[in-house]
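The two complexes that follow have chain A in common; it is paired with chain B in the first and with chain C in the second.
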Partner chain A sequence: MAKYYDIDDILVEEEFVPVLFHKTANGVTIDPSAETNCAEQGAKVEVPFWLAHELHMRQAVSINLPACFDQKTRLEVQADAAYVDLRSRCSYFYEFGCKLEPLVTDRTLGILLSTAFKIRYKEALTKVYTAAHITASKYLSFLTKEETNLYEAAHLSMTAFRKWRAGGPRLERALILGRKRKDSN
Partner chain B sequence: MAGQTDPHISLFSPQEIEFMAEDELVEIVPNMNMEQLNFISGDFGRFIPQIPTKVPLWLAVALKRRGKCTFRPPGWMSVDNLTQILEAERESQSTFQALPFSYVEIARLLIDHARDDIPDMFMVRSLVEDIRDVRLHKLETNLGSFQGTSAVKISNVSAMEVNIVRPFVRRALEAFYKHDKPEADVDRDTRSSRQQREANNEPRRPLRQR
Partner chain C sequence: MYGRKGYQLVKDFASGEKGQLKPFNSKLFDETIEECDQNHHLIQSLIRKMQQEGLDVQNNRNADHYGALIHHLSLIRNKRCLMAYVYNRAEIVRDLAWRVGLELLDLPSDIQGKLTTLEKDYFKNHSVALKSYMGKVGIELNVDMVPPKDPYIKVRILDDIDEGIVLSDKTTNFARHSMHFLKRTDAEPYIARGQMKELTD
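Up next, the complex of A and B:
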């Protein structure tokens, strides 16, 4: 509840996860393949994370790993984590993984996330302080939301410093001074 | 969580850092007579021609602009000292040489406003720039060696250098912290039920730790 107003947190929970129903749920239309309005026991359905989480707490479903953490992704991360296109898989790769981690039985998920982040962090570091912004644009499209924020933060401070070093007007006019006074009558 | 929407959290702009550096004291030689100045930060003066006195950098710059004083460049800004520092910076990959906390800003202000008072101004300028570039590069290399969250201790980093890497480092450490935590509690196995484990019997392959 601490992040109730956090838009990113809300969007993370909108990601779909495959779940397996252990109990029959009546009167719901979440299973598109069912003939009636109910999810049978043993039905495999994709539901948003927030719903899966609630159902999981009530022992009604078990959660499987979504496609963005599948074997193929893992192999790619092992091969060269820095150039895996994580954004197309899931733009909230890390946050989603962290939320999912306590709910699934796969113990390696946490390691996958931290390994991927460590390697990609180094790549972002070298890119942001050395490469020109234009050459990095292709690389930028691979980054997840969190990594993009990280990159942008570093890039902004670096450009601000370069601008300062190059010199310029020391005093800037406050925005409010430029405005014309409005007639209040 | 490190996924804030707003990445604009560099706490200070370079201009603000420069503003703070202007409180540093520098030595000037006035060429006019003036009474003592009483400021909140202290009393400065009185100003007698040819008698050196210490004033804040901003005041020194203001006096210099009016042609009322000449600067005495600080001791570290000599060509000899800077050459030595540059050598030392290049030699060791992990430690930083001791320089004033706001050396980047002071050097720039002095070079901008008092170029006639600095002996070998062009040499000094290029040396300061070289030192700054070497140190920045070294700082970035050091950041690359982060392995998860531990206390990070890099001493003798100057104000401007800290400010450049601050937003990046803050976020990166937050993310490291977040990902390191789950590895700590291993005994979550007990919580998940038997049924769930059967449902998810895909082959498990531990990732190689680098």
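Up next, the complex of A and C:
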């Protein structure tokens, strides 16, 4: 409940998961292959996580592992986690994985997440402190939303540190107003 | 249906720069509410159907029950999206009052255009509350956000500030690109709005 208003949390829960219906539900059009307006018992459907979670708690469905945690991804993560394009698979790879972990039967999901994160976090941190911001742009497109936030936080603290050391104006235009317009002089 | 519109609304908010305002998306907002209405109608019709069949609506777990449940959950989900949208915007509106200025007219016109009437009221009321609190404790809380080193600073004017502004100690002609030596507390709001720039040696 603490995250009720959290924008990221809402977006995480919109990720789709494949579920298997144990009960029939009338009057809904979530099963594209159904002929009538209902989800039959035994139907395999993809629904958003928030719906799957609630239905799972009422024993109406069972949740299967979504494609972003499939065998192929696991093999790639084992090979070199730092350069796997996780964003295209799921932009909230870790948060989504953590929410899913207690609901699925697969017990290896947690290990997958923590190994992937450890390796990738180290790589991202090294990149921030060594590579120039522009050359890192290709690498940035691989990062998930959570990793991008960490990367930006590290980048900001680096710039703040450099600015502090160099001195200079400390009062600035409020960030909230958006980027500065081009000076018209 | 099934929370799609609410998701699009939240997505619209998230696509903006972090902590900055986008125009209020009243089209998507209304569509989300409409989707809630549709969900509501379908729940009612499913429950009516159960009642006509003479079933106990509270305890029966038949197919109609699960259908109604899915609609109910979708409605709750859309509600959460709507609440989060308004709540997060309100946070930015409060931030504007703290960082830019307590008068609505002090805000740049493009920012003003992004607020709805209700948000403008909220801004005004928040400012009034802040001002009365600051009056009571006798401290201006929204200045000196950066710890001061010197009470006076050198600034350059970036924008034409037309009205003859009377600062606490003197009246000055603020032509564009002119340089002034001002009290820090006087200059601070203008710097925050991007009309002046601090100069350092």
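Basically, the second predicted complex is superposed on the first by the 167 of 185 C-alpha atoms of A that agree within 3 Å, B and C clash if a C-alpha of one lies under 4 Å from a C-alpha of the other, contacts with A are read in each partner's own complex, and residues count from 1 in each chain.
Rule of thumb we're sticking to: contacts are C-beta pairs under 8 Å (C-beta built on N, C-alpha and C of every residue); 3 or more make two chains touch, one makes a residue touch a chain.
This structure is a prediction, so every number in the text was calculated from the model and none was measured.
With both structures placed on the common chain, the touch criterion links A:Ile7 to chain B and to chain C. Once the two complexes are overlaid on the shared chain, A:Arg58 sits against chain C while remaining clear of chain B.
Within the superposed three-chain model, A:Leu177 lies in touch with chain C and out of touch with chain B [touch as defined at top].
Judged by the touch definition given at the top, the superposed model places A:Ala43 against neither chain B nor chain C.
Once the two complexes are overlaid on the shared chain, A:Val17 sits clear of chain B and of chain C alike. Applying the stated contact rule after C-alpha superposition, one finds that A:Ala25 touches chain C and leaves chain B untouched. The larger set of touched chain A residues comes from B, when the choice is between chain B and chain C. When the two complexes are overlaid on their common chain A, residue A:Thr105 makes contact with chain B while staying clear of chain C.
By the touch criterion stated above, A:Cys68 is placed in contact with neither chain B nor chain C. Applying the stated contact rule after C-alpha superposition, one finds that A:Leu86 touches neither chain B nor chain C. Under the contact criterion defined above, the residues of chain A that touch both chain B in one complex and chain C in the other are 6-8, 167, 170.
Interface residues of chain C, counted against chain A in their complex, comprise 1-3, 7, 10-11, 13-14, 17, 19-21, 42, 45-46, 61, 63-64, 66-71, 73-74, 77, 80-81, 83-84, 87-88, 92, 95-96, 99-100, 108, 111, 146, 149, 153, 158, 176-177, 184, 187-188, 191-194, 197-200. Chain B contributes residues 1-5, 7-10, 13-15, 18, 108, 112, 136, 140, 143-144, 146-148, 160, 163-168, 171-172, 175-176, 178-180, 182-183, 188-189, 191-193, 195-197, 199-200, 202-210 to its touches with chain A in the complex. By the touch criterion stated above, chain A contacts chain C in their complex at residues 4-8, 10-11, 14, 23-30, 38, 47-48, 50-51, 54-55, 58, 60, 167-181, 183, 185. The part of chain A that touches chain B in the complex is made up of residues 3, 6-9, 12, 20, 22, 59, 62-65, 71, 74, 77-78, 92, 94-95, 98, 101-102, 104-108, 110-115, 117-119, 121-122, 125-126, 128-130, 145-146, 149-150, 152-154, 156-158, 160-161, 163-165, 167, 170.
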